[in-house]
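The same chain A turns up in both complexes below, where it pairs with chain B and then with chain C.
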Partner chain A sequence: MTSTGSSVSSGSATGPVTVQSNLSAPSAKAAMQALIDGFNKKGASQSTLNTVASETFRTQLPTYLTSSNPPDVMTWYAGSVARSYADKGLLLDVSDAWNGVSGYSDALKQLSTDNGKQIFIPTSYYFWGLFYRKSNFAKWGVQAPTTWAEFLQVCETIKSKGVTPIGLGADNSTPWVASGWFDYLNIRINGANYHRELLAGKHSFADPQVHKVFDQWKTALPHFDPKGTALSFQDATTNLLQGRTGMMLIGTFLLDTTPKEDVDDIDFFRFPVIDPAVPLAEEAPTDGFFASAHTARKPQTLEFLKYLTTVEAQEAYLKSSSGSSLPANSAAKDAGTALITKGKQMLQKAPDLTQFFNRDSSDALQPTADNALIKFIQHPEQIDSILTDWQTAAKKIWTS
Partner chain B sequence: MTATLTAPAVAPPSSARSRRRRRTLSPILLAFVLVPLLVESFWVFWPALQGIYLSFTSWDGVSPAALVGLGNYAELFGDPTFGRAFLDTVLWLVLFGGFSALGGLAMAMLFLKERRGVGFYRAALFTPVVFSLVATALIWQAIYQPDGLVNTVLGALGLDSWQHSWLADANTALYAVIVPALWRQIGYIMVLYLAGLKGIDPTLYEAATVDGASKWQQFTKITLPQLSSVNSVVLSVIIIDSLRSFDVVWALTRGGPYHSSELLSTYMYSTAFQSLRLGYASALAVVIFVLAFGVILTYLVRAFRDADA
Partner chain C sequence: MSRRPLRTGGYHLVAGGISVLWLLPIALVLVTSVRSFDDVAANGVGSLPHSFTLGNFGQAWVDGGEFQAMVNSLIVTIPAVIITLALGAISAFALSRYDLPFRRTVLLVMLAGNLLPPQILLVPVSKMAEMLGIYDSLTALIGVQIGFGLGFYTFVLYGFMRAIPNEIQQAAVIDGASPMQIFWRIILPLTRPALASLSALAFTWVFNDLLWSITVIRSDTKMPITSALLGLQGQYVSQWNVIAAGSVIAAIPTVTVFLRFQRHFVAGLALGAVK
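Here is the complex of A and B:
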């Protein structure tokens, strides 16, 4: 099925390896350039960077991959969103680049594997948690909770100080952040396996298990910022930093938009335990690269991908970026802050990792979740019809 | 009017020339006709035909398209989101079209007479037309923010209970998006009507005043009938602009929250590029095309009939 590119690539084509990147933020773009420069300096093969706005990249990716003259290497995410392309035979078998790689965990290799072949090169990952300001928690006299009951108690205390306990930034521009809540609640209540199966269409969103997720969510919903569905995630971050909200479930990319002087005051706690019998899986979205099966420069492409796995490459990237993510190669140094170290340990102890709603399913399923979750946050009493509508919409995506 | 005066004078030589042209069909002339036709066929007709073909398939943009017959069209009838988008589009047509025509005419009447400073007001009203709609959307997004201008003003007036998350509330999102679209369109329609009003012969009004006609009578008996040709232009502009309204809606709400401000155009886009159901999206595109084409066709038929008369 996977053509492994051998049918097309004679490997004879020359010219630099073309890298198509969706990292268009200035710091990330500079970090990518540092990575490319590092590879070119080694002298064996050359590479060039082409950066595209992420929304354009997302809609154009199928075109890149099916093109007969594709970019050789592309940025993308690990999980179902990568495997679905591999199943269609569009991705290069990069097992050769994985051979002899050190510093990568088995879990990461498993995540990059489809039908026994590696099709993905992870380079960094990050974590999600409930972020808050240490100074504010001290001022309000609350401590980071570990169980759901403690969590609700913390919310009550924060509310009694006249502050909105839980911030949210799920307006029309970033509705997907609400999926973080769904993912974590489902993982904590039904477990990571059920979660992945549900997203793959093996269960129904109208199942009683999913109802349980929303029943749980309802207990915390009164503590949510009522303007949460009218604010972008950036505005919600500002509210958190300025103490108008108490905490926010978000990924470490929150640090990218946090002013330097506030970063040291930011801490996070793990999403609270709901059912002690369910193993504590965590969300660890993994970013990286894959290559087109139609590449005309297979050896050079594999050489570039191998370079990406090295300590040298990952440190070069992290040094130029904002340092809010963890390198996939465990031998590479991360930013080393207390927060990043704490997150890294949380993930290392986790028995299972999930990616994120769209990464564990598909970008096509994400809008169905956005519609359902935003409607639930605004009209929790309509949950029965919301879930049957969600299932109807999701079914169209799964079967198309 | 000038056309009817000058036409007879030019007619004989032009018909003579055309007779000569028929004998020696110059290759340059042929090229002028055929090259644009070829370009048009390649860039417009061929993709349009392909779109119609795709509407009979199920396609994710990657795998080969599979023929499903009329399946996509059958699905349209049972799709509540399509129904919602269709009704929203009709609502958009009525509100956006109605208010921009009335507002544009009112503004044109207001700014018709040359007075001191009237040029400034005309320019001010026309400025939004020059802005890109995405820039317009950014301005209005800030205005509609929970702590934005609208809510601040309402708060200052003591109307706190009216404060709203305008774009995030399913009951207000569509109307909140129509306002910026109108803000832009009124200036455009105003210019069309201004041109029409300037073309009315002032002696008609003088005669009416001598006959003792009131202002209202002058408006209904002279202004409106004289504007009939402009009206048909305005009507077609409005209908076509309504059906292709997309950018301002997408930039402000993306058809959300939960499809409450969905138009046919935004639903087509999200079906194609978010859900990756390109076959179904093509069926939606065909529906939009049929609606737009129907309108244009009736307009053209009417225009030709008027020209013949």
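Here is the complex of A and C:
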């Protein structure tokens, strides 16, 4: 069981492709192993899986990439975050693996492209929404809202039943959860393009447009769980399941921590419309793989990456995983539950997709957002100084 | 007359209260380790258990790769402790029993290394390990543990050896003992209590270290137990019941060592207190 990856010690160009994975949850790890086994069974080249804790992976990724004997393939995220590594010359040009690939949308290819070259292989994505328990909404007599006014009305009703309307799990282990609120409010108010430009450093966090985001947020803030910044996302999910909170803005990975008998009771609604004139973009974080520019096994690595794009590989992965994500290849079958189908349709109709705060910016910018947003949730009256501080911190990262 | 029972009662109440507070987290880990995941997910980590299972231990041991990790931890810890203490004893002997030039400076430099926060050395250490070609091997981890432990152990043993009366050594010199014999047959036996308690401490420190192992090791098959425990935490979702079971298993060696060396350990705590 544990003899899966003795990997990296030899520099020879003939050994198996080494895959460094941050998917350390048991179901995801088993799914990765199924993927690797599928590739090895084909017999052409071999691969080995090496799983490290996601926290360790996050901090060590720059070390892996700059190492003289790096892992060949690594799990990570699509978007600016991958480009930021590509711009430093650390990622392999994987255009060859993209050649002749079917079932991939142009948008996904665009997302994986940096300076005309493909540097990323997306394999799955998921969606965000406001998740709730159907039975609780029925009990409280509320319906999923579509506009902000209706949303606040629903919050009032839930509050009148003695329940905290909006759950949050943004303690110091999962502070980035709060960025979901910032992303969505900004996308709904200022649009997806402004959002991406802001994260790329083309606007200032102290701009009036960003102030508008927080003014809007303030109208919902009294409905937030006051303990939300002292709970992990997992504990916040427990509160939601127990009916102590009404709903929670989160990604589909919430299903991974929901007991099986409760999964069918979980539903979600799209983040409410704020300005009808702004197109309804959605968050669709895309996961996948990139390869090190210093790999000694380029042909085998490209072969492995090409395999990852196939229907066969993506179905093998999804069948073993918890099934809370969607395959990147449109020809591959997803879990097919009502919730997943609903989410898939929401994304298909969306005129534009964003990734998530860290993925649309960089791993370095995320902590500045965590600081600012947590402080805002705790002390909304200090928003002016919070935004100027955020801009100062972000500027250091953009100019470095 | 009536004050005494009141005072005794108060003492037991306060001391008992503190003990309960102290033991509560440990009890929580023990209870969580026998709950099912669905129970933890539905009712929260802090709630009363609604389920009982011993499967978590098996899951941590087999699926979590704890067996291999435990072997790795022992492969690192045992040589690291023995070599560090041996080197520490030799250098402490030289520094405390002989009037070497610059001995205070040497001692201070060794200690100064321990005062640096290890975080600033992470990148240099991993780069150096890579240059030496030992990155991602247990040898690298043993080397790092020896390097970082040596200064402190030398310092403690120095203090202890210096307190040994000079007359004992002078008598040995008159009898014609060489420095090697003095070290081996006189000083080292007298240092045994200090060595015993230090080895228990060192074992705990090295065994429980996480920072250096994730800095110099990349393969999951070579990770020691602490990073294997970390690996049980998922990207989004952590199975707290399995992690708790894994923690209980991981605590067994250190608890065993502590119980075995308990007597020396308590005596050793007073090491620096009286000179």
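Just so it is clear, the second predicted complex is superposed on the first by the 388 of 400 C-alpha atoms of A that agree within 3 Å, B and C clash if a C-alpha of one lies under 4 Å from a C-alpha of the other, contacts with A are read in each partner's own complex, and residues count from 1 in each chain.
Operating definition for what follows: a residue touches a chain if its C-beta (ideal position, glycine included) is under 8 Å from a C-beta of that chain, and two chains touch if they have at least 3 such contacts.
As the structure is a computational prediction, the values presented were derived from the model and not from experiment.
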item	value
Chain B versus chain C as contact partner of A:F253, first or second or both or neither	second
Which of chain B and chain C A:A53 touches, first, second, both or neither	second
Chain B versus chain C as contact partner of A:D171, first or second or both or neither	first
Dominant contact partner of chain A by residue count, chain C or chain B	C
Chain B versus chain C as contact partner of A:K88, first or second or both or neither	first
Which of chain B and chain C A:Y64 touches, first, second, both or neither	second
Contacts of A:Q345 with chain B and chain C, given as first, second, both or neither	neither
Partner chain in contact with A:N99 - chain B first, chain C second, else both or neither	neither
Chain C-contacting residues of chain A that also contact chain B	59, 63, 235
Residue ranges of chain C in contact with chain A within the complex	37-38, 41-45, 59, 62-65, 67-68, 123, 126, 130, 135-137, 214, 218-221, 223, 227, 230-240, 242
Residues of chain A that touch chain C when the two form their complex	1-9, 20, 22-26, 28, 50-56, 59-60, 63-64, 67-69, 71, 233-235, 237-239, 241-242, 251, 253, 256-262
Contacting residues of chain A [partner chain B, same complex]	59, 62-63, 65-66, 85, 88, 90, 171-173, 175, 227, 229-231, 235, 363-364, 366-367, 370-372, 374-375, 378, 396-397, 400
Touch list for chain B against partner chain A, complex	58, 60-63, 145-146, 165, 167-170, 252-254, 256-259, 270, 273-277, 279-280
